[in-house]
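A single structure is presented below for examination.
As written, the chain order gives the labels A, B, C and D, with residue 1 at the start of each chain.
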C-alpha cells in the first residue's frame, strides 16, 4: 500500500450567497488540486453556509495553498480553519479516579484510531499514575481543592504549554474548569457528561436518572464552555434501561456509552470535521 | 388452533418479606391453578416487593378465585390489581388535529394488537370526524377555550361515562387536563409527549430540541398526573438526528416514534403489566 | 410561507477524474443557478465518482437546463438521471392480505410525506378492496396461480400502463414477479423483505429467525431484481428480541420495522436520492 | 456497605408440568431460604419449562442445600445447574493478533465487572506477551499450523488443566477448535464472531458484508460447537453503516460491538444466567 497523498481540510462558514460551492471548487481545480471530500450545509433560517472541503494539492504546493486559501476565504467573507492530514495535534487527558475512558482513549490511540498524539495525563488524584507509566505517558498530579484552585489551574496551564497541547480531553475529570482557565489555556476542551443533556446536567446524573424512572439513559460529548454542561453538543448516545437496573447498573451501562461517545467526538475533532456556531455543532462525518 | 384457557393476571406490591413468592405460588397450585407467567421485582432500597403472576384457574373456579385472591393479598399485606384475559377495557381517544397516532391506534386495534376496544373519539377540533366515521367510531366534538374549560371537561366526563370508558388516551391531544378532571374522570390516562422527558417538558419540544442542537430526539409515554409532563414514565424511545435535520424533519421522525411508543404503552396497560409507585413504573414485559 | 422555487436534482456517476466537482458547480453557477444541496462520493476501489446535486435554475431556464445538463454529463463521461422538484411520480401498491404497509403508505402519502402520488392498488386477493375504496383509490383484483401467472402479469402491466405508473411498491405482496415482468413493466420496483438480508432470504423468514434463536430481527427494503431477495439493498433496520418472543411476537415487532423501512426507501426514491451500481446503493440522504 | 449474603443460583429445565413454580418456591421457603430473584419461561411449542431461581439459604445451610436441591430437581424431572455467588470461575483468553477484546476483557475484569478470574492467556502469536505480562497474566505461546494442530491442542488442554480453567473465551482467536478439542477440553467456550450470524459465517465477514452492500453490520457472541459459527447464540448487536464506510470503517465500528457483546456474554455466563437447549439460549437477564 502506498501512502495516500497529503491533503488539506478546510472548514468554512459565513453568510450564504450564490456561487460559493463553485468558487471554492473552481479555485482548487485551477490550482491543480484534487477534491477528495466535499460536504456543505446551509442553515436556511439563519442564512449561514457551512462547508468542509478536503483536497490533495498539486505537488509542492501544499504550503502556498494553505496561505492563499485563507485569502480566498476572506474574500468570500467566510471564516476558515485549515488542517493538513499530516498534522498530529497533541492531547492532554484530564482524569480523576475513574479509569475506563482513560484506558479506552489510550488504547485507541495506540491502535492507530486517532489522527493525533496523547501527550500527557493530568490528574487531581494519584490513582492512574502507574497505569500512565505503563503506557509510557508523563503523568502530572495536580491536587485541586477549594483553596488552591487558581494556583492549580495555573500549574495545569504550565503543563499544557510545556507539552505543546492542542486539545484538552476531560475524561471523567471531576473538577470544573474555571472561566479563567478556559480563557487562558489556549486550546479547546471536550468533556464527556454522563447524561443525555440537557436532562440531568450537574452532579450525579445517574442518580438523577434513576430517581426519575427514565427508561433510557444517555451520555453527551460536548465542547466545554463557561456555563456548566451547556457547551455545544458534539455527539450523544443512549441505551435502554428498566426497573431491574439499579444505580450501579446504570453506571456500568453508562461507562460503555461514555467510552464510545467520547472517542467518537475526539476522532471527529482531530479530523477537523466539527464546526461550532450558535452553541451548536455541524459535524461533517 | 383451540382457544387458550381464560387466565387471571394479578399485579401485587407491598412491603417485602420472606416467602411471598412461595405463598402466592402455593396458593395457586393448591387451588388447582396453573401458572402461565410469573415475574417479580424487589426494590432493595425501598424494601418493596412487586409481582405479576398470571394463571389459568381450575375449571369453573375463575369467579371464586378472583374474590379469594384479594383476601390472600390483603393477608400478605399486599396491594393487588386483578384482570382476566377476557376483559376488554374500553378506550377513549382524545385527539386534536394531528392524525398519526389516531390512525395508528385504530388500525392496530382493528388488526387485533390490543386486548381492549376503542369506544369513542373526543376532540377539540372537527378535523378527524370523517375519519372516525370511516372507522365506525362515535366522534364527539368538544371545543375547549380559556372561558369554557370547566364545562368542556364536564361534557367530556359525561361522554366517558356514557361510553363506559376505562382508559383515556391522549393521542397528541393539545389541551391540558385539569387537576379536577383527573380527579373526577374515574380512570387512568396515558399521554404521549414528543420529547425525551424530563428534557423539554412543556410546549413545542421539537423546537426546544432543535435550538439546543441535540443529536438525539425522543418521545415519552407516561401516565398523566397533575404536574404537567411529570407523571410516571411508561416507555421512551429515541432516534439519532444531525445538523441537516430542520424542525420539520424532527417532527416527521418524531411521529414514527410517537406512534410506536404510545401503542406499546397502551398494549402493556391493557395486558395489566404496569405497576406504578413513587411516580415510577415497573413494567413486567 | 412562500413556495420554494422549483429545483432540479441530478444523480450522476461515472469514472472518477480530476475536476468533476468544479466543472459541475461551475456550469450551474455560470448558468445563473443556485446550488441547494450537493453531495458526492468516491469509490476508491472501483474508481467511480457519484454525485447528487440539486439547484434552483435562473428564472425561466428550467426546461433548457434539463436538456443542456444531459449534454454536460455526457461530455464528462457521466451517467445522469434528472428530476425536478415538481415531479409527482405515480406509484402502484401491490398487496396481498397483510394490511399494515398498505395503510401506512397511504396515510403517509395523505399526510404529505411523499413527493409522489399513489395511483392504484393491485392485489391477488379481495381483502383490501373496501379499504382502498375508503381512501378513494382504484383497486384491481388480479388473481395469480401457477397456471395463469403469465396472463396475470400481462394484466398487471396493462393496469400499470393505464395508470401511468412510475414506481411499483411490493407492500408485502406474496407473489414473486417473473423475470419477464421485471423486464417489461418499464419501471423500477421496491420490495420489503421481512428479514435482515442476506440472512433468511426466501419464505417465512420470521420462522427461520425463530428456529435459529437469533437475538435480533430485521427487515430490508431493496430494489427487485431477477434473483430472489438479492436486489440492491436500500435500507435495513433491526430490533432486539429474546427467548420470550414467539413467532407471532417476531411478526408483530417486525410489522413496525416493515412500515418504517419501506416508507423510508420510497421517500428516498421519490426524492431522487438513490444511485444503484454493482448491485449496491449509494443513498444521498 | 455490608456484604450481601451468599446465594445459590439454580438453572433448571425439563418437561413442563403443573406446580413446578410452587414446588421449587415452597421447598426454598420451607428450608428457611429467601428468594432474591426468580424468572421462568415456558416454551409452549416444545412443552419445556425453564427457570432461574436465586436464593439466600438460611445460615449455615448453603452446603446442604446445594446437595439436596439436586435431589429435588431430579424428583421433578428437571435438569439443573447450580452455582454459588462466591464461585469465581477461571477463564482462559485465547487470542491471536487483534488486541481490542483482550484489553477490554482484562480491564473489565480488573474493574470488578466479572464474577470470575482471568487465569491465563493462550495465543498462536507472540504479540500480546508483553501486554499480558503488564497485566500480571501468564501468557502461553502455542503456535498452530496445519501440521501440528493435534499436538498444539493437546498442549492447550494441558495449560487449561494446569490453570484449572472453567471457561474458554475466544477473544478474536483466529484458529478453529477441532471437534476433538471441544470434546476433550472439559469446559464450555464462548466465541465472538464479527458478523450478524447466520449471515456471513466463516472467514472475512466484514469483507462479505461490504460486498453485499448491507446497511447494517453486526456481531454475535455464541457458544462454540462442532459446526463452524453455528453454536447457540448468546447475544447480538448491530450498527448502521452506509456507502461512505469502507471495509476498514466496518472493522473499526465492528471492534466496538465485538468488545461490548463478548463482555456481555461472558458476564451472563459467569452469573449463571444462560440455559442452552435445541441449539438456542434462554438468557435470564
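Basically, contacts are C-beta pairs under 8 Å (C-beta built on N, C-alpha and C of every residue); 3 or more make two chains touch, one makes a residue touch a chain.
Values in this document were obtained by computation on a predicted structure and should not be read as measured data.
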Farthest chain from chain A by C-alpha centroid distance is chain B
Of B-D and A-D, whichever chain pair has more C-beta contact pairs = B-D
What whole-number Å value describes the gap between the mean CA coordinates of chain A and chain B?
-> 42
Rounded to the nearest Å, the gap separating the Cα centres of chain A and chain D is 36
Check each residue of chain C and list the ones that touch at least two other chains.
-> none
Which word fits how the chains touch one another: line, ring, star, complete or other?
-> complete
Of all residues in chain D, those that touch chain B in their complex | 18-19, 21-23, 25-26, 28-30, 34-40, 42
For chain C, which residues are in contact with chain D within the complex?
-> 41, 44-45, 50, 196-200, 212-216, 218, 232-238, 242-244, 246, 278-283
Chain D contact footprint on chain A (complex, rising order) = 99-100, 103, 107, 111, 113, 134, 252, 256, 260
